[in-house]
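Shared between the two complexes below is chain A, which pairs with chain B and chain C, respectively.
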Partner chain A sequence: MTALLELRDIDVGYGDVQVLRGLSLEVHPGEIVTLLGSNGAGKTTALRAVCGLRPLLKGEIFFEGQPLSAVPGHRRAALGLSLVPEGRELWSQLSVRENLELGAFRSRARAAANLEKVFVLFPRLRERAAQLAGSLSGGEQQMCAIGRSMMSEPKLLMLDEPSLGLSPLLVEQMFKIVSDLHAAGMTILLVEQNLTKALQLARRGYVIETGAVKLKGSSAELLANPAIRSAYLGL
Partner chain B sequence: MKLGIALSAAALVALALLPFALSPYTHNLMTLSFLFVATALAWNWLGGYAGQISFGHAAMFGTGGFVAARILLAGALPPPLAWIAGGLVAGAYALIWGHPTLRLRGPYFSIATIGVGEATRLVFTYWDKFTGGSSGLSLPMVPGAKRTLYWEALAFLALIAVASWAIRRSRLGLALFAIRGDVEAAADVGISATFYQDLVLFLSGAATGIAGGIYASYFSFIEPNDMLGFDRSISFVLMAVIGGVGTILGPVLGAVVFVLLRQFLIGSYPQLYLGLYGALLIAVILFEPLGLMGLGHRLVRRAAR
Partner chain C sequence: MRFVELLVAAVLLAGLYAMMAYGLGLIYGVLRIVNLAHGGMIMAGAYLGLALHDRLGMDPLLSLPLIAVVSWSFGWLLYRFVVRHLPRGATGGAQSLLLLFGVWLVMRNAVYLIFTGNDQAIRTAWSTHAWKLAGVSLPVNRVIVFGLAMLALGGLHFLLTRTYVGKAIRAVAQNPDSCTRAGIDVEKVYALTFGLGSALAGVAGLLGATIFSFNPSFGSVELLKSFVVVVMGGLGSVAGTASAALVLALVEVFAILVLPSYLTGAVGFVLLVLVLVLRPGGLFGQKVLG
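For the complex of A and B:
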């Protein structure tokens, strides 16, 4: 089975600072994979590289077997890649409906049908459709950001710390939503700092440290690994 | 919405009938206002909708004006076609400098546009063969043409106002708002910032160029320092900022206030008026960044309470 997404030995940096050093990972269709690591390990940078927001210094990223380096960032959404960015990055001055419609910018034909799907998934967004996105609560904003991504009918949904800044109750809800999306067939790459939760949800995980994969394996293996337990879980 | 359309239509009719009752001075001032309102709206497509503040729009105003004037002097095309030709050249010129500079955002883009505006002014000043240099170009005066030009300027303004509304409601408008809000998030959903910014700069530059052409016809004399001076570029920014960036009614109100203010300031404080513009710009940005529209909203809210 070819991987839906493959990062092969990529280097990425910001100016003089190299963040990713030979990072490799794979996500297969239908999987939910989690990318773990402490602050500054390079998790967000890896997702930004996949979206084309950071150029590669070395290596290659493949999506459905095709190299992405020649595809500019704004064309990658049409391939079926969608990112729910860290901190949501909604257009706070636009309405919820406009935010969602922008998600379907490249797939207008089914925009109305997809909008309905998103409203079924998140009934709260239907109630707030005319409101400015900036006036939503944190949890609603996260729903709106996920909904925006779903509007483009992605093949791969990348979530960058969806639980960031949410109350414990909303964190539970958020993981439930991710789990439901996966159950409905969505392939998901989940970046999280909440290791326990992420590993309970995902089948496999990668732990990255200073820009490279330090550990990888099934969730059960990672959860049982004493090094992880001490370094990240404080157990 | 319906009320807005009805009011706009009524204003249009009233303005169209007005020249029969105007002194030549007021007639000039009104025509100038129409052109300035139109340029303020066109500037706002880039500055307000896309959030890219240009301090170089005089370059397109001048390009459109001089190209149209040359075509009219050669007698090659009737005025409206000459203006459109001038607008197209101005739009194309905007693309030439805009394509590479629009990847800059915020103050960096603005600084680049100042350079473009000044460079264009200098080229036009020294390009005697095309612009007549500092002594400029004179167009033949046609008796009775001023009244026709009043209506043509008004029709142009109506067109630009409708275009402003249409762009705002369109997919282009949504893309521009997305780019203004967050370029990276826009790229994530598949919006090419390069393409949409280029497109709106072309439209904005072309409209500004057409205004330059009508201005040239109306005043029948143009010279580079008037057409392309830095104060002209500043005036486009000021009109939109005074009224309210990103709105439609804002630049209209802003331009009217600006034209009246300008007449007063140039008459009363000819040495100081540029400094006063600067002070006004700072005051608006400090105290009411959304200009008259913001002030209006605030007063309405206070009255409602």
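For the complex of A and C:
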């Protein structure tokens, strides 16, 4: 079976600083995979490269077997990949409804139907539809960001630290949402610092360190790995 | 009665100011570039209207759509072939300022070459007419200019708040990366916006040319007034721009009553300094294309 997303030996850098060094990973249809690693390991950069926001110095990214290097960033949403970025990055001076509508920029014909689906998924967003996105609470902003991504009818949903900056109660809720989306058939690539939670949710994971995969395996294997237990769980 | 007449004159003038300023504010709000060629666009709109009127006998009202399209295309091309390659934002200010200033100088000297530096005016059948309303005289050309400027700003407000493309323009102003992720071609939006700002300048120049006489330096004072309005009104809000334009026009018009005529040109800048000192975020607070 071809992978839905495959990063094959990619290098990415900012100026003189090389962040990713030969990173390779795969996500298969229907999976929920987690990408773990400490701050600065290159998780966010990898996702930015997938979205076409950072150029590749080496290697190739494939989506459904198609190489992405020839596809400019703004055409990748239409292929079916969507990222909920770290820090949400909503358009804070636009209303919640406008944020969601713009998420459907490439699927405008079905925007109304998809908006209804998002409102069913997040009833809170329906209540706040006319409010400026910048005025929402952190949890609501995260819902809005996920809703915006759902508007583009993605085949692969990438989430960059969705629990960041949320209260413990909201973190639970966020993982529940991710789990529900996956149960409904969504393929998910989850970037997290909350390793235990992420590995409970995901079937398998990758641990990256200084820009390359250091460990990979099923969640059970990773959780049992002594190196991970000492480095990330403090056990 | 004199008071009412000045009030009316100020309101009518404010329409044109708002239109000139909105083009400048839109480009700055979305691209973070101060378009110094804006003054050149205003001048070009005036001379294009003059050429179409004198050579082809076209009424400015007829040439307006044509000039809008021509200025839009010029702005679009200027973005695609020149501005796109310049650094933006905090580090790139100097390059784009210098380059666009250069574009303005080239435009101005080209017009010198073609039309000479003499003062020109577009005189139409309706230039010298005035309506009388309750004893207040309403110059027809100024009323028309005001009406068209309001129409243009109203149309723009509709575009920005009600259409997908307009919402995309506002979104790009706030977070371009999120736009790329959502499938919006940010470069296309930049080119479109540069075109829109240029079209506003060109049409404002044409409208101004039906009221004032002009020469190749037409556009310099107008550019400075646009700055004053943009700083006062904040970026991109149509209502904010219109209110700031009204404040500027009122202050200018009523300054005539108390100041010698050679000083009236300076009141706008005194206003600018006052606003920068007292309310640096603009009269209505800072909001980028909200």
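As a working rule, the second predicted complex is superposed on the first by the 235 of 235 C-alpha atoms of A that agree within 3 Å, B and C clash if a C-alpha of one lies under 4 Å from a C-alpha of the other, contacts with A are read in each partner's own complex, and residues count from 1 in each chain.
Simple rule for what comes next: a residue touches a chain if its C-beta (ideal position, glycine included) is under 8 Å from a C-beta of that chain, and two chains touch if they have at least 3 such contacts.
Here the structure is a predicted model, which means the values were calculated and not measured.
Taken together in the superposed arrangement on chain A, chain B and chain C clash.
Within the superposed three-chain model, A:S82 lies in touch with chain B and with chain C [touch as defined at top]. Within the superposed three-chain model, A:P154 lies out of touch with both chain B and chain C [touch as defined at top]. In the superposed model, A:F105 lies in contact with both chain B and chain C. Of the two partner chains placed by superposition, only chain C is touched by A:L132; chain B is not. Of the two partner chains, chain B and chain C are each touched by A:C51. Within the superposed three-chain model, A:G37 lies out of touch with both chain B and chain C [touch as defined at top].
On chain A, the surface patch touched by chain B in one complex and by chain C in the other comprises residues 51-53, 72-78, 82-83, 85, 89-94, 98, 101-103, 105-106, 108, 148, 152. Here chain A touches chain C in the complex through residues 51-53, 72-78, 82-83, 85, 89-94, 98, 101-103, 105-106, 108, 132, 148, 152, going by the rule given at the top.
Interface residues of chain B facing chain A in the complex, by the touch rule stated above, are 171, 174-175, 177-178, 181-182, 184-193.
Chain C meets chain A in the complex at residues 164, 167-168, 170-171, 174-175, 177-186, 287-290. Listed in rising order, the residues of chain A touching chain B in the complex are 51-53, 72-78, 82-83, 85, 89-94, 98, 101-103, 105-106, 108, 148, 151-152.
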